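Order of writing sets the chain letters: A, B, C and D. Residues in each chain are counted from 1.
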Amino acid sequence: MEFGITFKGDISPERTIALCKQAEAAGFDYVWFFDSHVLWPECYTTMAVCMRETEKLRYGPCVTNPGVRDWTVAASTFAQLNRLSGNRYDLGVGRGDSSRRVLGKKPLNLQTMVEFSQACVDLAAGKKIEYDEREVELVWSNSPMPTWFAAYGPKALACAGEHADGLILQLADPWLVKWFSKQALEAGKKAGRDMSKFRIMSAAPVWVGDLEKGRAQTKWFPAMVGNHVADLVEKYGKDGGGDVPERLVQYIEGRKGYDYKHHADKNAGHLDFISSDIIDSFSILGDPAAHIHKLEELKRAGVTQFNIYLMCEEEERIVAEYGDHVLPHFR
Amino acid sequence: MEFGITFKGDISPERTIALCKQAEAAGFDYVWFFDSHVLWPECYTTMAVCMRETEKLRYGPCVTNPGVRDWTVAASTFAQLNRLSGNRYDLGVGRGDSSRRVLGKKPLNLQTMVEFSQACVDLAAGKKIEYDEREVELVWSNSPMPTWFAAYGPKALACAGEHADGLILQLADPWLVKWFSKQALEAGKKAGRDMSKFRIMSAAPVWVGDLEKGRAQTKWFPAMVGNHVADLVEKYGKDGGGDVPERLVQYIEGRKGYDYKHHADKNAGHLDFISSDIIDSFSILGDPAAHIHKLEELKRAGVTQFNIYLMCEEEERIVAEYGDHVLPHFR
Amino acid sequence: MEFGITFKGDISPERTIALCKQAEAAGFDYVWFFDSHVLWPECYTTMAVCMRETEKLRYGPCVTNPGVRDWTVAASTFAQLNRLSGNRYDLGVGRGDSSRRVLGKKPLNLQTMVEFSQACVDLAAGKKIEYDEREVELVWSNSPMPTWFAAYGPKALACAGEHADGLILQLADPWLVKWFSKQALEAGKKAGRDMSKFRIMSAAPVWVGDLEKGRAQTKWFPAMVGNHVADLVEKYGKDGGGDVPERLVQYIEGRKGYDYKHHADKNAGHLDFISSDIIDSFSILGDPAAHIHKLEELKRAGVTQFNIYLMCEEEERIVAEYGDHVLPHFR
Amino acid sequence: MEFGITFKGDISPERTIALCKQAEAAGFDYVWFFDSHVLWPECYTTMAVCMRETEKLRYGPCVTNPGVRDWTVAASTFAQLNRLSGNRYDLGVGRGDSSRRVLGKKPLNLQTMVEFSQACVDLAAGKKIEYDEREVELVWSNSPMPTWFAAYGPKALACAGEHADGLILQLADPWLVKWFSKQALEAGKKAGRDMSKFRIMSAAPVWVGDLEKGRAQTKWFPAMVGNHVADLVEKYGKDGGGDVPERLVQYIEGRKGYDYKHHADKNAGHLDFISSDIIDSFSILGDPAAHIHKLEELKRAGVTQFNIYLMCEEEERIVAEYGDHVLPHFR
């Protein structure tokens, strides 16, 4: 299993560089950055610097979107990151969430996401593409660029399976991971692709240490992604695979009340509503043994990379704990 | 007088970094990058890396434009470059020439350029701005960002004098430098600004060594910027200040023939048309003494920074010759 | 209070560099290296690299000695470390313990240590010195070099007070720290020096976390330095200041048995002999609050720098715990 | 043919690093440092830093000697340079000239040089050696270390052929290079070694540009090494291979007068005595074509590496000229 860390962008450049070096020395494989340029500093300049300070780590956005840069600007940036790093750049793509919402714009549709991803891959490979009714080409670029799609919904999951090299799932619940990834894998097979090397990432925050403290530090995560997930499970779970675990059923029930009474209410009451069961299932908490146990479950569920959302404080300690106690178990 | 170098983007990352370090050790003050992301690799990721490998050099695009990135993306990138470098970022802006033309788009108008520049400065300073009918703010940024406008025409020159901290003039002809910069300075004074610290850059290729070889290596430069300049001198020269030097009068005559018979014809005949007088006046050629002599002229004409367009081959040698023989004269 | 970390030299270059960057970002002030070139890799080349990867951290050996390099080689190395780092080099000196013993040689006398230290300081300052019956001078050096002497015995402590800028005490027992440092301070005052800026370092391993685990990880430390300390307390404690704490009295009693019955016996029996009280008093163990509590005690005892002997495993986590939970208390 | 540059140590750290990066980008293979720690800053700390700033360049002293460091200190330093660089360290050894003379000590004998070199190689390889009547071992090291011996005299040349991986010849006279290296090669064959991969370095200053200026900049070189060479040619030339070139015969005649009348007299008269012929033959001067011509001669004489003594001013330009005009001819 590969291991990654993800930066939100709120950590100083010096700490970010130091954490990359620490992660590389600890045996991590990937460093990802949120690409949401208003909330946090633009990530590609920082990524370029971190690439130069490390030798093996791969880097990429988790995730970018087709809607804030001219596609040729995006592709030129990604291709140059490949040149600066000796081809250690992966492209994680989504439909544009926080990056666009903060500017008052909606996420883009799946078709746009697929076309954007393909345009970037082709331009980086040095191919001519048709763009905005004109032929464009980056004659100076000739590099490979693996793609990952972030997805929850059935159509997005199918897209990932049909077009990407990997799937990004923002949660660490083994049942959900399996249920989601199955949809991507089946779509890929149906499209005639060899899915044996398809990659599946589980991305989530973790806390090594006291369980209660861990819940407090990571509760924001099910709050952020949970409603979205609950929607999908409620809508497609029965038809799409049944056997929804009890904790999710309860979560879905709870969410209903939540949606209408406490919408956009970010006070303690709202957060209290999220049960410990849900927090525990969406993230990984507890002592190193608990982490290893759950990571083994995720591995059995098909996960090829576990990606730590490194934004719950004590970031250096978390990387250290994984380096000392968790990664060695998987090497 | 300050000294800078400008990269087009065709040099490998390793050589670019080495040249920055060489330039810093040699006493240069600025490193600029063309921002034309299809023709050459996106420049800001490279700039970020070079910033981290040097300690005092200032960096910036020469020039960027308002038309290829969402303005919030541009501002976030520039502000983060300030964070990564300890506020060593300057913003050079133009209306969008090669960067947009290569995508089949026209340069933008002056008003857009002024608004873009102000938006970037305000966002980097941590101020709230109105953008696309919405308030936007980079809460994580709080840095200064000096601005430079590239200009030739009377309205653009006035804009620079009224709104920017410096003026970028792409040529090293002392008479023209003085004639152009006078227009910016007067507009600034008229607008009530204190112009005593206004900065004037002369940007041009150079060749240290054999004169004939130097002409061959830099002939592309008057070909690139010359017609534009000739137009302006013809149109405004007599009214705007008279006493157009003989070599420019002849150039303007020649250009007329050129325009209609050889338009877009880049063969030898076309280039042969450009006289040695014009090549010599637009660039700086010859032995170190000749460079010092002309730089003194430019200094007297008001130039505060001479910026070498470092794209005529033998880049390391050119930086070395300036470091050994030219810069010491101005320190 | 300043904070430092000390490397033994058994950590890979990549981890060492990453730890320096982590320590700098976490707010540490100093990085020290054991200088024992047979047991571990020569430390100055590594130090040079770490200096270049950080901006504020100061570096030095903890400690070097006068007996393994020609003094001009030592001084040239130290002076160049100052040049490479912008004068961030401190000189920690001892009489030569493991570095010489491993080659079958004895530690040198105090007079040699004092002369060596002075020679290095003078040569780094660009002064001519008499060395080996000849005038020597490093004409290319002109830098300051603060000195620290490692000492336990009354004569060595006096030397430190009379000649050095700081005193290195290898233990974190507040009573002993005070008792030792008092001797240095008094000797310095007696010699007419202003001791108000004299620096006192307490250097010891730490363990943040479970107490029992911490004792197991740091037991080697009282075993290494304890007999030496016990000797001194037994010999000079009553006359030199009385009131030896009960745990030390017991330790001295125990040590007697140890000395004669188990000398050079490094099995479990030997280590078991060291009581938890002694382990706890020589190092700092427990949760962050316990560390803060003891560091406050050390501060009251006159300690100006606490230096973590970073060699008990989980090094990145230890630096992280201090950065997150301990250092903020002292800023 | 490989190419190297050698630093004397009088260039600032920043310029030294920049020159290494420039040399790597220009295609050079080796960077060497004089190891003479009183005249110039200790070289290994600087070397460590330069290693980290480059990826392919190999490094080494040109040359170190057995007489200023405990051999275990020397070996530990060299072995750690291998660890810091991924085994990019070569060991150049001599008998100790300026490094020892400046301390009033004589060079050591050849046997000591051979033993020192072998001790360093063995210790770096992780082998146990007998040293100072005691077994010593660097348990943490396990790296290869090619050796080069600097030699002029027949015994030293034989030693190089019998024990080293390469021979360092401080001059660029093809006749002399062939005459000296033949002696090493024959000794090696006689000792039963396979000399097909034996490496021969010609090390000398160069000047690209005006010949008269070049002579003025490099005249110090035949003055430094010439008397030594003349002695050997006079003593062994006739027996050892005859056919001494006319310019050397004249040099030897001249030297005689010199030796007795102007010994240790470094004024202009002394330097004027050295003929242009000798300067031209010991170094490489003139335009790039002249350099290529002479390098081809040296290649035919068996030279596998040409090493520029980079200490005649305009260092960056010299590296640039070689990168632009000379190295491409040999790739």
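Basically, a contact is a pair of C-beta atoms (placed from the backbone, for glycine too) under 8 Å apart; a residue touches a chain by one contact, two chains touch by 3 or more.
Here the structure is a predicted model, which is why all the values come from computation and not from measurement.
Engineer: Using mean Cα positions as chain centres, tell me which chain lies farthest from subunit B.
Structural biologist: Relative to subunit B, the chain whose C-alpha centre sits farthest away is C.
Engineer: How big is the gap, in whole Å, between where the Cα atoms of subunit C centre and where those of subunit D centre?
Structural biologist: Taking the mean C-alpha position of each chain, the two centres sit 41 Å apart.
Engineer: Distance between subunit A and subunit C based on Cα centroids, please, to the nearest Å.
Structural biologist: One centre to the other, that is 45 Å.
Engineer: Using CA atom averages as chain centres, what separation in Å is found between subunit A and subunit D?
Structural biologist: 55
Engineer: Send over the residues of subunit C in touch with two or more other chains.
Structural biologist: 12
Engineer: Strictly by the criterion at the top, what is the full list of touching chain pairs?
Structural biologist: Contact pairs between chains: A-B, A-C, B-D, C-D.
Engineer: What residues on subunit B touch subunit D, complex-wise?
Structural biologist: By the definition above, subunit B touches subunit D via 12, 14-15, 17-19, 21-22, 24-26, 313-314, 316-317, 319-321, 323-324.
Engineer: Quick check on the complex: what are the subunit A residues that touch subunit B?
Structural biologist: Touch residues, subunit A against subunit B: 9-10, 12-13, 37-38, 40-42, 44-49, 52, 68-70, 72-73, 76-77, 79-81, 83-84, 102-104, 131-134, 136-138, 140-141.
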